[in-house]
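For clarity, chains are labelled A, B, C, D, E, F, G and H in written order, and residue numbers in each chain start from 1.
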Amino acid sequence: MNVKKVLEEYKEGNLSADEAEKQLRLDYIQTIENHTLFDKSRFNRKGIPEIVFGEGKSPVKTAEIACRAESDIVLISRASPEHYSAVHDRIPEARYAEDAKMIIIGEFPEPTGLIGILAAGTSDIQYAEEARIVAAAMGVRSITSYDVGIAAFHRFLDPLKNMLDENVDAIIVAAGMEGALASVVSSFSNVPVIGLPTAVGYGFGGEGETALRSMLQSCSLGIAAVNIGNGVGAGAFAAMISLRCRRPHDEL
Amino acid sequence: MNVKKVLEEYKEGNLSADEAEKQLRLDYIQTIENHTLFDKSRFNRKGIPEIVFGEGKSPVKTAEIACRAESDIVLISRASPEHYSAVHDRIPEARYAEDAKMIIIGEFPEPTGLIGILAAGTSDIQYAEEARIVAAAMGVRSITSYDVGIAAFHRFLDPLKNMLDENVDAIIVAAGMEGALASVVSSFSNVPVIGLPTAVGYGFGGEGETALRSMLQSCSLGIAAVNIGNGVGAGAFAAMISLRCRRPHDEL
Amino acid sequence: MNVKKVLEEYKEGNLSADEAEKQLRLDYIQTIENHTLFDKSRFNRKGIPEIVFGEGKSPVKTAEIACRAESDIVLISRASPEHYSAVHDRIPEARYAEDAKMIIIGEFPEPTGLIGILAAGTSDIQYAEEARIVAAAMGVRSITSYDVGIAAFHRFLDPLKNMLDENVDAIIVAAGMEGALASVVSSFSNVPVIGLPTAVGYGFGGEGETALRSMLQSCSLGIAAVNIGNGVGAGAFAAMISLRCRRPHDEL
Amino acid sequence: MNVKKVLEEYKEGNLSADEAEKQLRLDYIQTIENHTLFDKSRFNRKGIPEIVFGEGKSPVKTAEIACRAESDIVLISRASPEHYSAVHDRIPEARYAEDAKMIIIGEFPEPTGLIGILAAGTSDIQYAEEARIVAAAMGVRSITSYDVGIAAFHRFLDPLKNMLDENVDAIIVAAGMEGALASVVSSFSNVPVIGLPTAVGYGFGGEGETALRSMLQSCSLGIAAVNIGNGVGAGAFAAMISLRCRRPHDEL
Amino acid sequence: MNVKKVLEEYKEGNLSADEAEKQLRLDYIQTIENHTLFDKSRFNRKGIPEIVFGEGKSPVKTAEIACRAESDIVLISRASPEHYSAVHDRIPEARYAEDAKMIIIGEFPEPTGLIGILAAGTSDIQYAEEARIVAAAMGVRSITSYDVGIAAFHRFLDPLKNMLDENVDAIIVAAGMEGALASVVSSFSNVPVIGLPTAVGYGFGGEGETALRSMLQSCSLGIAAVNIGNGVGAGAFAAMISLRCRRPHDEL
Amino acid sequence: MNVKKVLEEYKEGNLSADEAEKQLRLDYIQTIENHTLFDKSRFNRKGIPEIVFGEGKSPVKTAEIACRAESDIVLISRASPEHYSAVHDRIPEARYAEDAKMIIIGEFPEPTGLIGILAAGTSDIQYAEEARIVAAAMGVRSITSYDVGIAAFHRFLDPLKNMLDENVDAIIVAAGMEGALASVVSSFSNVPVIGLPTAVGYGFGGEGETALRSMLQSCSLGIAAVNIGNGVGAGAFAAMISLRCRRPHDEL
Amino acid sequence: MNVKKVLEEYKEGNLSADEAEKQLRLDYIQTIENHTLFDKSRFNRKGIPEIVFGEGKSPVKTAEIACRAESDIVLISRASPEHYSAVHDRIPEARYAEDAKMIIIGEFPEPTGLIGILAAGTSDIQYAEEARIVAAAMGVRSITSYDVGIAAFHRFLDPLKNMLDENVDAIIVAAGMEGALASVVSSFSNVPVIGLPTAVGYGFGGEGETALRSMLQSCSLGIAAVNIGNGVGAGAFAAMISLRCRRPHDEL
Amino acid sequence: MNVKKVLEEYKEGNLSADEAEKQLRLDYIQTIENHTLFDKSRFNRKGIPEIVFGEGKSPVKTAEIACRAESDIVLISRASPEHYSAVHDRIPEARYAEDAKMIIIGEFPEPTGLIGILAAGTSDIQYAEEARIVAAAMGVRSITSYDVGIAAFHRFLDPLKNMLDENVDAIIVAAGMEGALASVVSSFSNVPVIGLPTAVGYGFGGEGETALRSMLQSCSLGIAAVNIGNGVGAGAFAAMISLRCRRPHDEL
């Protein structure tokens, strides 16, 4: 431990007061990562694994990054089969979650949290699955129900009731098009709803912007949103809520 | 009648064939308003009264225009009390519909059509009322239900069921914020839904654009939209549908 | 039938009042799809067939969905020849409408309704055809006239006159570029005009947004718009109007 | 209780099975607000008080709405001193929170939850205070620290450390301009961060859109955002998280 | 004339070659306004008078600028009656064109050019009049026809025919809303059409952007556009065309 | 000739006055293309050849359209070598202008007009060449100077001086990036400048929108703009000006 | 000095090693403002005075903030005469720079730096003056030349030559409209050009966005931009460059 | 030297005064590139090498341009390996900087300037390297530190301290996503910060626009921005600052 050594050296007269001070100041910079704000145990309780964005990286480079990672769990998002093949060659235990387009390395913890995930259409499933896997990697189980958009309104009532009865701590709603499902779910629920707009749609406002706007502009209180297609962010945010709710507060 | 006169003159030898043709050709331009495309009876069946946009016009100028109008029914939209006062001075039978901010001159026909109008919030009522009055002026009665947004979801189910049971020919949904009510109503209905986005909201997408986008991007089939705040257009469009549905087709 | 069974059981004393009530309440959720709002006969009169969006789905997956569909008529929109080939392998009676890029499964009903469809340019035809086929699947015949944009103004006057003389119940105007055709047609007509903006154009505002804006901002009353390229929505909306106009109101 | 009465009547033979079923089906609609999805106790645990948006409503109308409210706690947001004066005349116990521009009616519950609220600049305080009061009305105490933007970076480190040491369940970051504070706080924290962009700034992107985008586009995981200026929504969302974390799960 | 003087001085030995060269080089900068590119006679044939933008300037300051102007003709655009009053106090011969909101100082030349100006609605007249006055100040007469929008289609056919028969050299079309009039006029004409979009409209795209986009995106060849509300620019551009057409080319 | 025949028949008593009138009215529609507004000789003086937009059309379909065209001159814009090959197979005299990506069929008239075309960068040349060829097809010669952007400011001064000395009737300025060249050229010239923004640039505003905005927002009077990349429109517009300037007015 | 005291106490045995370390770690947070990154002398060399944004603050509140300020020089930007009056009452030596709408408190240092400031139009002067005063407060003199836009191109050549001859270290170009002046100045100069777009203009892109885009999209290298209307930021940035250029590097 | 020759000829009577003047005027145009504004030595001190934008140019064409260049140093940006291969064939000493996607021809000068370059993520490195190479070509060395985004906040403190201690004259911050790093670095520094937004991100605002807006909207003074992805511009701008700071002022 640096600080104590400096103190010792100073006490023993090996360092002048000026030199000791300078040494300690330099230490500010060098040890700022040990700063209470960054302390390991707090960071670890945040529990988000290392996540690499695969899109735009070559399979070879992605595999290299995966090998270098020091974290127990590594997720590679937006990964193609080619990415997986390159990673699998070097890390045989790597698994590929096709729906989420994610490569998973490492074993997930026993789930202690519980959230719900609804996806409005089949094209929203990829983002919902991203969220589910990130949450799982953080120790949070998800009750999922996909293809439950409001056009066939009654389809989502049963799954939603089930989630509420199971006492989920948050509900992620992945929806493109007009994204109205988030508002409707929130008007029926007493848990925080995380809007996850997806780039599903066509024509004017079809790249997910309409869904995002709807979630931000919702008449119903109890909604916050992540960016379009940010399944990773939605999963991490919901899992943080659930872990906080399920763990004794003196452990936080 | 021009054409016959020309024919007569030609027959009687007062006009050469060339002159007659030229006369008739000129007549094309002069009488193009008598053209079958524009013929009076068809135009009249369209039945839209003369509508003056009051906003931005001075009360005095508005009153002048109202006096000059040759139509039996004249509506002045976006009219302030000052507009009304100036109009009323010169046309004592003019009435002021405060909620719709409309001045009404002339008697409305007996209603033969029927539509429904839903407004999501209290601030949407002005536009809903604009639509109701325009429809009324065209001979279409409206069943209205206001302040029925999806945040208190159950509130609009009864009114909607009533409209469907009464067999309305179209439903106008006036909504701001995320405008999800239009999608939800359409998913429950078998009549054309006319989305009327309103400039209600705040922050990003709060000037009605989110509501408009939602209505255009709806997952539910059976919706078309008018521009933000275009209550006049929504009312006229819905009324045209209902009149067409209610009148014997040989009268169309 | 659930409800009657519960009544029976209750009457016979097999269920207490509390248990019967609970059973009936649960039934609310389970049978909400039998709810009068959703009742089959009303839904069926809406008459919109099952429509699958093919774009972005693999041919194999699309064929699977088509096989699973329970509807008599199934349409697959934005379908490539590859989609068709995969579907045709499993459903030999499937047909491919090349202009509309649609796969059609099932026989269409005898037409009872009538609408008009105008397309401004050759590139707008795909969307016009989408609308025509959806309407046909709902039992509505279309009078079509394509490549009649306002640059060669006189070209659309004859077809329009024909549509009006044939007494169409609504006119769909598919147009890209500045989309002015919708306004012009509406100024000449006494039927509801449904603006169908298409992603035809170039440079600033060329993805169909200019056409959409023009249709929303039209000086002429009697226009509502669907989203850019939403031929399916335009066809369904226009057909709903025509069916409502042509059928005896006591059947609605 | 409707259902039981129908059961009784049926059992006693006053109703036929058909009539009873019809009665019960109608009851679906009438009692859908008693549906488990809407059940009072669950809704009440959501605990969000009635909140009226004062802006754009006349003082007189606002006072009327306040009188009619059936909720124990009523908040009127975006309220001017004139609004307050009109409300106070009729409800003498109403209080005015000047910083938040909110009128408060009713007593707040003992706080059981705890959140943190940071505001980057003095102009962000109004929105932070909106959030604080909504949370307080829901039984959640806030540790606040205002005017701590990143331009004088070191200013927010102490307050943030304090919030983390006090074990807040969520941190709201109200920020305009480039909104970078939310990212920075999240990179230092292990609790969910709720981005509250404010319409503070100038020139290109100065209406809060830059702050909103920054919060959606953050490099740091653990952030979700509400709309620009939506202090009410941020407060309600954060309070819902904290209540869920602090209450025994069998009470939820 | 500088150059000759330098030549003289050099010849007479009063200047060394070096000094003469330096003098002449300095002269490059000082006399660049005499440069053939800027030569007076060419600039004068451009014939655009001095135009001051009054909006946002105080009446007093505006009057000062008007007094200082060295041009024979001075126009002050976007001028209020207050501006006029201040200018008139100091320049009694100044006139106020109320429709155009323009103050005019100086006598206009005898018109030698001829253009047409159409305005779609009454609110477009201000911009059309701006154009007319600028053209008049440049010696170009305008045939004008206002309130001739396409909603009442037939209204503009006669005026347009008249303009074409009178052989105008260009037609300015001032239009807001969907701006379709420019396309329609161009499809009927064989002269250059200058689109002058105006900030007339409402809701989405109502600040003139829809009209501008329509004019840029027109299906009809032969249109160019100026910025929204730029009546001054449209008038100057059209007048430049007409002057060029009407004057013998050896005078250009 | 229809009209005369009707007159004849009427005169001879084969038609009643009513029947003759009806016949003539029908004739309005049928002969509206002979209307003076559309009269052939005027349309021909407009002189714009038939132009087919090749992009997005298959080579085969493009060749078919080219064969069907009745115009003496046909241009196919945005044509690839594949387009050319298909056209050339069926129309051996077709030529390919590679720089402009245009296929040319037919002989151009002797030039009677004269315009200037400046292109700021090498990537702007394609659009400048489009303009040049369209103008040539209309009988207007172009003085061109390419790669003369303002970054190397002095490069365009000589070419511009040459154009002005040659007495061009209009100058097209094709420019991407910040598009400042149009303003600079206009400040140096006394001829109408047609801004042709191109989709050249990068990052924010790089798709040509910055160039378009600059041309609309120019401080210099005497500029109008066409849409981004609309070389065809710029060429046609400039050529119409020049033809009008060069031809005796009694021929117009 | 904290650190030395701790060292002393530790040496003297008043603190254990653990306590000393904890004290020093706490000190990290408390003294992070003494961190070398923030060290006073470096910060002071940055030399930017305290600047208060007056707009939207009441005169009374502004005066209070001015009194509380500890800096030798305080600037209040976007200040009205009312602001000044309130400040002057409490700080009699405060001065008001009317053109810049700035209140100045304190004496400016002797200028050691030198920059140039060009403003394209009279409406740009306010922002140019903001920049000039901020630079002056930092010890940098400005050579200014206003109303030198490119429409009268030759007007800015002399002033620019003068600035370059005086060897300015940076040139700020304040321009609205199409903002082309920045590109033109940069193409003529060998010093860094700071683009200061202003909200001057009209119609599409008239709020300064066109000028901003032009400066970002410039063909000429050597330009960077600040936000629209950010005269304060432009002045501070340019002054930082000049101070760095003019001071001996060992003083930096 | 032209001018002297004319003077001579005039003095000797070989030229009349008129002819001499005309000759000298023509000389204005021909020699404007020798104008002091453009004088070679000043331009050379600007020291920016010739930079060719490779993207969108064929390898063959790019090689040709490289051969034709007269500059000692030529850089080809956005160059692919195919570009390099074609250039290398003709210019064997050409080198390829893979990270920057740049081809380099010629030897760089000994560095006399010094700047710092930070890149937030690995995807920002390309743009940072572009800047580094352009600066190197101008004689300015860069201290670089890549992958130091604020999500792992502490990572950039050491590199930044190092840059400040080394006394860099400017710091370029390349960042995508929310671009907050630029604000944070500026709040810690006393040197000009040049924001270089990159098109890194996803969903709403992910093409670099959020980063650009953040840099323009920064709370911290001392930042100016270049366009998204404009590494070349950032490098040239920063290098111009450093060269100016490091060279004796009498050499400028």
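The criterion applied here is as follows: a contact is a pair of C-beta atoms (placed from the backbone, for glycine too) under 8 Å apart; a residue touches a chain by one contact, two chains touch by 3 or more.
This one's a predicted model, so the numbers in the text were calculated from it and none came from an experiment.
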Chain whose average C-alpha position is farthest from subunit C's own: G
For subunit A placed onto subunit F, the superposition rotation in degrees, Cα atoms, nearest 5: 180
Distance from the mean Cα position of subunit H to that of subunit B, given in whole angstrom: 59
Computed distance of Cα centres, subunit G from subunit D, in Å: 39
Computed distance of Cα centres, subunit H from subunit D, in Å: 50
In subunit E, residues with contacts to at least two other chains: 29, 32, 35-38, 153, 157, 161, 188, 203-206, 209, 212, 216-217, 221, 227, 230
All pairs of touching chains, each written as two labels joined by a dash: A-B, A-C, A-D, A-G, A-H, B-C, B-D, B-E, B-F, C-D, C-E, C-F, D-G, D-H, E-F, E-G, E-H, F-G, F-H, G-H
Interfacial residue positions of subunit B with respect to subunit D in the complex: 123, 153-154, 157-158, 161, 202-206
For the subunit F and subunit G complex, residues of the former touching the latter: 120-121, 149-153, 177-180, 183-184, 187-188, 201-206, 209-211, 213-221
Contact set on subunit B toward subunit C in their complex: 36-38, 42-43, 45-46, 48, 51, 157, 160-161, 164, 167, 169, 188-192, 194, 212, 216-217, 221-227, 230, 232-234, 236-237, 240-241, 244-246, 249, 252
Touching residues on subunit H, where the partner in the complex is subunit F: 29-30, 32-33, 35, 38, 56, 197, 199, 208-209, 212, 227-230
Residues on subunit H engaged by subunit E in the complex (per definition of touch): 1, 3-4, 7-8, 10-11, 17, 20-21, 24-25, 28-29, 32, 35-36
